[in-house]
Structures are given as C-alpha cells and as structure tokens.
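Okay, got some structures for you below.
What follows is chain A paired twice: with chain B in the first complex and chain C in the second.
This part shows the complex of A and B:
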C-alpha cells in the first residue's frame, strides 16, 4: 500500500478522536463555575440585560441542544463568538496561532540543530569529557522549567547585558511602517529574529535536552549494533559508520520524542508567551480562562487538541517513511 | 609446507574489567594455509570469537591485544617489540589502523558473523549494503558494483536476485540473510574468510544447505577459511584441520580425521562424547561435567583438570603447553595434556585427583590406573 493511502487513512482515523476532543472540551468548559455574563455586566445587572445577553450567546437553551449546535458549528469552522473580545473565536485564533507556531517552530529548529550533533558526539565519545558535559547540560535542561529559564534569560541578556529585548514579538509579516527601527522587509525580519531569540531558547531548551538524551542513548545502542561491527570489519571508514550506518537507525526513537515534544511545547509556549509578553495562543487561552469566556476556552483548547493529534499523525507517517520495517497495516 | 597465509603466534587478548583482567585469549598459535578450512572449536566463552576479532584488530574496548604476533601474507597485523626501557611498543612494520581498514578488512580478510538477524542494517536495502562493501573493497564504480552484487547473490542461491536486491533485511528469512552475509564475504574476493559460527542460529536443514554451498564455493574460489564453531558435526563436515580451544588456549590441534579417530586430549574426547556420532553407538550421551571456569581467574595447572575424568595430582600443578604427538612432519598433531609420553613429568605415577575434593587424604593415595584409555 502506498504511503499516500496510509496518510489519508491515518487522518480519517483521527476524526473520532477529534469528535471526542470536542465533546470533552465542551462539557468541561460548561462545568467551570461562575457566570461569564456576570463578569461582562458587573455584580448587579438588570434582569432584562442578562436575558438578552444569554439569548445572544445561546446560553438560554438546554445543554444538549447547545452541544449539537456547537458540534455542527465546529464541523463547518464556526467556533462561536468570543464574549470577551466580541469577535468570532476563529478569527482570534487565526490571529494568534501563527505567532505561537512561529515561536514553537523556531524553538524546535534550535533544539534539533543543537541536540542532534550534541547527542551524536556524546555517544561517539561515550564516558569522555565531552560526553559528561553534554549529559550534565541536558540533565539541567530537562529538569528546569521553561518559564524559569525565560526569566533568567531576561535578567541576564535583556536587563544586564541589554543584548535582546525582554518583551514582545515582531511578526515577520508585519508592515515595515508599523515596526520601529525597520524600514524594509529585511529590517522587519531582523527585528523578528532579535525578538524571537530569547523566547526561542527559553522554550527550546527543554526540547533540546530531551532530544540530546534520546539521541545519545539511541546512538550508543546503534553504535554497538552488529551491523556496525560488520561495517567496521569490511573497512568502512568510521566517519561513514557514524554518519550513515549508525545514525539512520538511531533516528527512529528521536522522531518519536520530537513528535511528542511538539505537544508538550504547546504547554511550554503558554508560559513562555506569558513571561515574554508575546500575544500568542498562550496569552489568548489565559485571557479566556480569566474572563470565563467559555467559547474562547473551548476554541483554544480544541486547537491545542488538534495540533496534538496532527503531531502524532505526522510522527507516525515520518516513522513509516524512515523505517522500512513499519508496515502500512494491511497485507 | 609452504609459507602459511595467516600465522598466529602466542596471541594474547585480555579484557580489563572492573572485576579484574579477563584472559580471553591466552597464548594461542595456529596457521592457516592457502585453500584450507581451519576449524576453531570450543564451548561458548572459550575465546573463539575474541581470537577472530583479534585477527582483524577489532577487539572492542575494554579488550586489548597484549601480546603475540599475527602475520598475514608477510605483513604484520600485530607485533610488539621492546623499546629501550623494557616497555612494549608496536613494531614499525605493524600495519597502522588506517592500513588495516583500507588494505586488510574486507579486502584481504572478510568475516561472516554469527547472527544473520542482527548483522544486516535494518534501514538499508540488502543490495545497497552489499554494493557498498564491494565498492569499498574492490574499487568499483556504483553500477559495476551493483552488477557484481546481483551476480554474487545469485551465486549464493538467492532466487530472483535482481528484485531481491532492492528489498530490506526484514523481508529475508534467517537462512537467506546468512546467504547474504556469505555473499558479502565472497564478493570482496578476500584470501581469507573468517566464519564466526555462521550456521549456529539456523535450523539444521538450512545449516546443511549452507555448508554444502560453502564447500562448493570454497573449491571454486580457493579461499581459505577459519571456521569458528562449537559443533563437532560441522567440523567433521567442513574442516581440513581443527584447533580445539578451552578457556583461551588451544589444547589440541590436528587434521580432522586424526582429531576424530586418534583423539589425544581428554577435553576433545569429552566434546566428542557429548554429541551423537553416526559412526559410534552409545547408550547415552555424556555431557561435560560442570561448566567452564571464568577466564578471569583460570584454574592452576591444566585448566581442564577439574572436570577431566583422567586428571591426576600433577595436572593441578603443571600447566602444559601443546606438544607434538605424532612426530610426523606432514600433518602435525599437537595436544596439551601431560598424560602423553611427550611430556614425561610423572603423570603415570601421580595419584588421581579426588574429584569430590572433600579432604581427599585417603583418596589421594588410591591407584585407579584403569581410567586412562
């Protein structure tokens, strides 16, 4: 069976999972104590006003009716109206999601680019000084919360050294006219990189540490494999053995960890965005919860769930592409 | 006899572990002549595989070759000499690591590993792996090497080699994978192939087919083999000469027929008695008593003295080096057992060891001369 059919089937299989996510999110959001209307109108609103608002947002209907309305809304891309912003939830998400994705992708790019060479060197020089250093760095990395790293980065590189800005983010697609210190597109991109650097490291350190650890142990395993001994016995140069024979086999668990890391990084992004005052999904979800904006809570939670599911599917597909032993699930 | 192709003299390979020094290979000597299949036989842990990886200088850390000499076609694979201060250092003519890799490994001496399931890389095609080794060791271009690879796959009995060339190892059965490993060794056209228990992981019918095939191919290419095995029936099937290893030492060395019909060492007899033979009828097989001791702390005297049915007190004290048994110039037969006249150190008058080892005072003086063959 072709990879394409496998891909399509994996996505089809995800549909029940997505419906499950919508259902759980909906009922959880509706169980949150407190009344959004009360927050909107203050402690002593007029009764007619309350009822008008309830009717406007559909809150006066029974919960099962609202559930099916919401479900069919999600299917057609309508996530309802944000009570706090008074704008469609989808619009808010489409505004903020690219910011978070930009942060996450740059964090992962940083993590992968540093972790893979570090892990390989560590495995190759096992129990030598380089290995000890890399293991200590990655141990610290996995055991330090990303928001704390963010705060330390701000204190050192923004406050004391003044090398990087401490807050905010310039979007690469922003109009140069709106960006301070940038006259052209190149200038905007430079500003983006400048602003992105600290949050990228803050969010990426955990991923970097995790990937390094897996890369190391996986490479240690594959460097001891019989196929590596065979290659050595046939005069294959050691550099080729590391780069090709051992490396390719060793990447399979690394891919899994990267895929899983994508979802934990979403959680990390919420904290990192808060620390660096970046207007992304994380800030959106916190605003939604603080204001009992249950439509927005549902919408943002759904997006996180969807990103998770897509991450898992992409991991599976990459895996089947890299490892010839993975079958596509039929004869 | 002519100059041997490979000559191993007093080879010692040790592993420096936290628990102490493991003397995995402890002073073995043997030759391989052109066109010969030489057996290296012994139980697990006897040091057979360490001996073969020493020949390619591929002993994994913490293991190290600490002494002896390995010569191959006049080149020194391993050899030490004393510098001025009594320290040992590699001889000048010893091949460098780079020379070993480029000139010896694969090109001159190829190896077939024990485990066909693990030895092929799971993420590359069988053909690609074979082709890579051919390219490296025969200086061929990619297309030529591919052609050679398909030819050799056909030769080792892989059906439809053109289409199987692009398949992955997991699509091959164990026997087929072993054929691929044999193809790799043959394809590099080496003078010597080390076969490290290549049929142990296979079932008996496949083993038989593979042995037949190797015999045919050996005749065709006139390649020499070192055949490592613990299976005496494989030895009988394929080897010209045999070295029997016990605990890091070669304790008997003979032409294959001499070894089977004129066995000189009690350990070899024990090995032969522990397996069924078509030429002898026995009521039951006799397994070797106890397990082989650890090479980290080998027993004093003859290392086989404790399980040996013929051991006497002298065996506990004297460590025998292999000596010539037949006195024949052609077809040497050596054994390291003091019961033979070649040693003459009073075995006949020495009291037998009380194998129960409970004080042993009275038993020590009892003569039971009937035990020796």
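This part shows the complex of A and C:
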C-alpha cells in the first residue's frame, strides 16, 4: 500500500474516534448546571425574551435532536454561536488556535533539540557522570509541574534579571505598527522570540525530560544490536557507528513518545497560557467555562481532541515513513 | 505518564516468557517477592524512603487535624485574620528579608498573603496531595482492571466496544477532559479525584488487557476452565494476580502523575477551593505576589517536586527490581 493510501486510511479510521469525542463532549456539556440564558439576561428576564433566546440557540428542542443537529453542524464546520463573545465559536477558535499551536511547536522544538543530544550522550557514556547528570535532569523534568516551572522562570528571568517579558505573546504575523518596539517584520519576529522563550521552556521541559529518557534507553538497546557489533568488527569508527548505525534505528520509539506527549502538552498549554497570560485556546476554554458558554466549551474541547488525534496520525505517518519494516498496515 | 505505560507495556511479555516453569512463576509474583526485590534495589529503596516520609507527613497532618487540636489547625490554616493586629503578611523565610519585614523563627518558611504560616500549610498540603494521588489511582486501577480483564478475556464485540470507548476517552487531552468533566459535575476536590481517576482508566485497561490476552491461553488457565471454574474466578483469582508486577509499577507512577494533574487543576481554580491548603491552590494565590514575596511561590512547588520525584524513583526502581531480564 502506498504512503498516500495509508495516510487516507489512517484519517478514515479516526472518524469514529472523532464522533466519539463529539458525543462525550456534547453529553458532558449538557450536564453543566445552571441556565446559560439566565446568565445572559440576568436573574429576572421577561418570559418572551427567554423563549426567543432559547429558540435562537436551539435550547428548546429535545436532547437527541440537539445532538444530531450539533453533530451535523460539526461535520460542516459549524460549531454554533458563542454566547459570551457573541460571535461564531469557530471564528473564536481560529483566532486562538494559531497561538496555542505556535506555543506547542516551539515547546516541542526545544524539547527535541535538547533531549536528543542529552539522551545520546547519556547512552554512549552509560553510568558515567554525564549519564547521571542527564538522568537526574530528566527525572526532575518529569516530576515538576509545568506551571511551577513557569512561575520560577518569571521570578528569575523576568523580575530579577529582566531578560524576558513576564506575560503576553507577540504573534509573528502581527502588523509591525501594532507591536510596541518593532518597526519592521524582523522587529516583530524578534519580539515573538523574546516573548516565546520562557513559555516555551515552561511547557517544553516535561517533553524534553520524557524524550531524553526514551532516547537514552532506546540508544542503549540500539548500541547493543547485532548490526552495531558487526560494524565494530569491521572497524567502523565508533562515532560513525553512533551517528549512522545506532542513531537512526533508535529514533522510532522517540517518535511514538512525541505523539503520546501531545496529550500532556495540550493540557500543559492550558496551564502555561494561564501562567504567562497568553490568549490562546487554553485561556479560551477557561473563559468559556467561567461564563458557562456551552457552545464554546464544546467547541474548544472538541478542537483539543481533534488536534491531538491529528497529531497522533501525523506521528504515525512519520513513523511508517521512517521505518522500512512497516508495511502500511497490510495484514 | 504515557512514557512509562509504554515501557512497562513492552516489558510485560518478558515477565511471563522468561520466567520458565510454574514454580518460578509462583516465586515471581506477590508481595513478599516484591519487598525482597525492593530491598535489594538502591533506586527503589530511595523512592521508598521519600514516599514513606511524605506518607508519614500526610498521616501526621491528618492526625493533627482530626485528633489533636482542630481549633488550632483551623486558626493557623484557615482564618488567621480573626486577630488582625497580629497578622504578619508575606513574611520571608527565616534569615531573609523583604519589603514586609524580616523572617521570624515562628514562621520558618515565612507567611502567605493572609499571614498564614507557609510551613504548616505546605505540610497540610501533603495530606490532600497524597489522598488525591492514591484515590485517583485506585479509581483508575479499579476501573481499568475490570474493563481490561473483561475485554481481554471475552474478546469479540465486548472487547471492540470497550476498547473503542476507552480509546475515545484517551483521545481527549486529559487535563481538558477533567476540566470538562468537573464543569459538568462539580468543581471541588472530589470530582477532581474522580475525573483524574477516569483519565487513568485507559492506561490500566491497556496494561491489564494485554496481560489477559497473553495469559488467557496459558495451561493453568485452560486447566482451571476445564475443571469448571467460573470465568469470573479465573479472571480475578488467576489472571489478575499474575499481572501484579507491571500493574504495581504503573500504579506507583500514576500516583505521581495524579498529584501533578490535581495540582494543575487546583492552580486553574478547579479542585481544592480556598482556604483549603492545597499546593496547587497555594501556587495560584502566590501569583499576585511574585515580585514582593517570591518565596511564597517556591515552597509549595518544591513540595510537589519532592513528592512526585519520590513516586517516580520508586516506580523506576520497582520496574528494575521486578524485571526478570535485569535480575537474571
């Protein structure tokens, strides 16, 4: 089977999961106590007004009708109206999603760039001081709450040293005229990097630690492989063995872990956005919950699920692309 | 943590494959064997010390709260402002100084924004963290074991349905799922615990199911079935006890993960509500005072770090100690 067909099949397989996510989200949101109309109109609204609003948002219909209406809406990209923002939910999400994706991508870039050398050195110098340091760093990394790392980074690097801003984010595609201290596109990008640095480390540390752990154990296994012994017997230099023979094979479990880490990172983004006051998806879902904005709660939860499912599929495809043994699911 | 579930998942077949005859299988399971291995493994021992210490602190706090002096605990932890004259807000730890004054011995780690002693609140936070960590893990373990065992043992459509449902739960990032769950049912600590427990179900489900599928065809299970033992008894008397080692490792790691998630939830305003002394909630309150009193933000975080490190070291140590490949 070709890679393209495999890709299409993976996406087709994801459809029941996506419908499942919609279902869970819908029924959870339906359990939310309190009346959204009351929140909108105050405690003593006029009866006609209430009914008009109920009809407008479809709240007067029975639950199964609303479920199928919502499901078909999702299929056509209609996630309903946000009561709080008085705008389509999808519009709000499209506004906020790029911010969260930018944060996530930079966090993973940071994690991968630091974790792979750490893991490889750790495996190469097994049980030497460098290995111990890297193992302790990764142990602390998996045990520290990401929001606390954020707080400590703010205290040290923003308040005491004053190197980085403590809050907010400048989007790389923002208009230079709107960004303080940036006259040109380059200036905007510099501001973006400046603002992104601390949140990136705050969110990326856990991923870094997890990838380091897997990279290490995977490289340790790989360096004991038959092909490595054979290469050594042929007199291939050790650095070439590590770089070419052992390294490539060892990356497959690492890709799996990156895929699974997406779930923690998406949850972590909610916390990191709170700590650094970044207006992304995480803040959007918290705002939605605090204002009992049903449609927005459902929409944001859904999109979090969708992003994760798509991320897992992308890592699966990368995996099968890199691993010659995978035959694209032919049983 | 997904990493650990993946690795222990991989290790599971080795446990039964390499252990040879039935006598050896017998020797490799159970509490006594585990304790013996843990004593011999340095990492597991260090983990045991940390977890033991934290458990002791938590029990001490609970004992103090319920048995010794409820009134004092109430005053120190919850309502220091009953006596506004003596309230010393945002003091630094002993030996340090900030704009609110100098650290005093009476409050070794300083005070919070309402003048409450940080050390007592951090100690009391242990009680909440440990309770939540253990109970959430118990819910995940219980639910995951039942679903995984039934699913793996019966196979067929039961398996399909149960696995699709847990996969879907797993497909929503778990912090978001717990937040949505708590919005629907309630924002206090009980629902945080149940919610985190539910997100742990898929992890244990996968672990138990893979064990059950591999053990289902073993001779002793066949023999039990031939002898007319009921399915339920085969699952709970034979199959589950044989999955003890990997489940114990995963459960230990899961306690740490649960503590982290619940701290995050409390930080966001879900879970423990003020004035309950929970670590996440203390960190959340400290956000407004990071510049004048940075130490307020430091200690609850260190408490979380030490506790979770304890469970992670213990989990890693148990994995090494109970892994036949390393012992052989």
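Heads up, the rule we're going with is that the second predicted complex is superposed on the first by the 330 of 331 C-alpha atoms of A that agree within 3 Å, B and C clash if a C-alpha of one lies under 4 Å from a C-alpha of the other, contacts with A are read in each partner's own complex, and residues count from 1 in each chain.
Please note the rule applied: a contact is a pair of C-beta atoms (placed from the backbone, for glycine too) under 8 Å apart; a residue touches a chain by one contact, two chains touch by 3 or more.
Because the structure is predicted, anything quoted here is derived from the model rather than measured.
J.: Between chain B (first) and chain C (second), which does A:314 come into contact with in this model arrangement: first, second, both, or neither?
T.: Neither: A:314 stays clear of chain B and chain C.
J.: Using the superposition on chain A described above, determine whether A:32 touches chain B (first), chain C (second), both, or neither.
T.: second
J.: A:227 contacts which: chain B (first), chain C (second), both, neither?
T.: In the superposition, A:227 contacts chain B only.
J.: Could you look at A:171 and tell me whether it touches chain B, chain C, both or neither (first, second, both, neither)?
T.: neither
J.: Touching A:213, do we find chain B (first), chain C (second), both, or neither?
T.: Touch status of A:213: second partner only.
J.: Check whether A:323 is in contact with chain B, with chain C, with both or with neither, and answer first, second, both or neither.
T.: A:323 contacts chain B only, not chain C.
J.: For A:271, decide between first (touching chain B), second (touching chain C), both and neither.
T.: So A:271 only meets chain C here.
J.: Of chain B and chain C, which one touches more of chain A's residues?
T.: It is C that touches the greater number of chain A residues.
J.: With both complexes superposed on chain A, which partner does A:245 reach: first (chain B), second (chain C), both or neither?
T.: A:245: touches chain B, not chain C.
J.: Would you mind writing out the residues of chain B in touch with chain A in their complex?
T.: For chain B paired with chain A, touching residues are 56, 58, 101-102, 104-107, 110-111, 113, 115, 118-125, 132-133, 136-137, 168, 170, 181, 184, 188.
J.: For the complex, give me every residue of chain C touching chain A.
T.: So the residues of chain C in touch with chain A come to 1-3, 6-7, 164-165, 167-177, 179-181, 183-185, 256, 260-261, 263-264, 267-268, 280, 283, 286-287, 290-291, 294, 297-298, 300-301, 304-305, 308-309, 312-313.
J.: Along chain A, where are the residues that touch chain C in the complex?
T.: Residues 16-17, 20-21, 23-25, 28-32, 139-140, 142-148, 151-152, 154-155, 159, 210, 213-214, 217, 253, 256-257, 260-264, 266-268, 270-271, 274-275, 285-286, 289, 297, 300-301, 304-305, 308-309 of chain A touch chain C in their complex.
J.: Any idea which chain A residues touch chain B in the complex?
T.: For this pair, the touching residues of chain A are 225-227, 229-237, 245, 248-249, 322-325.
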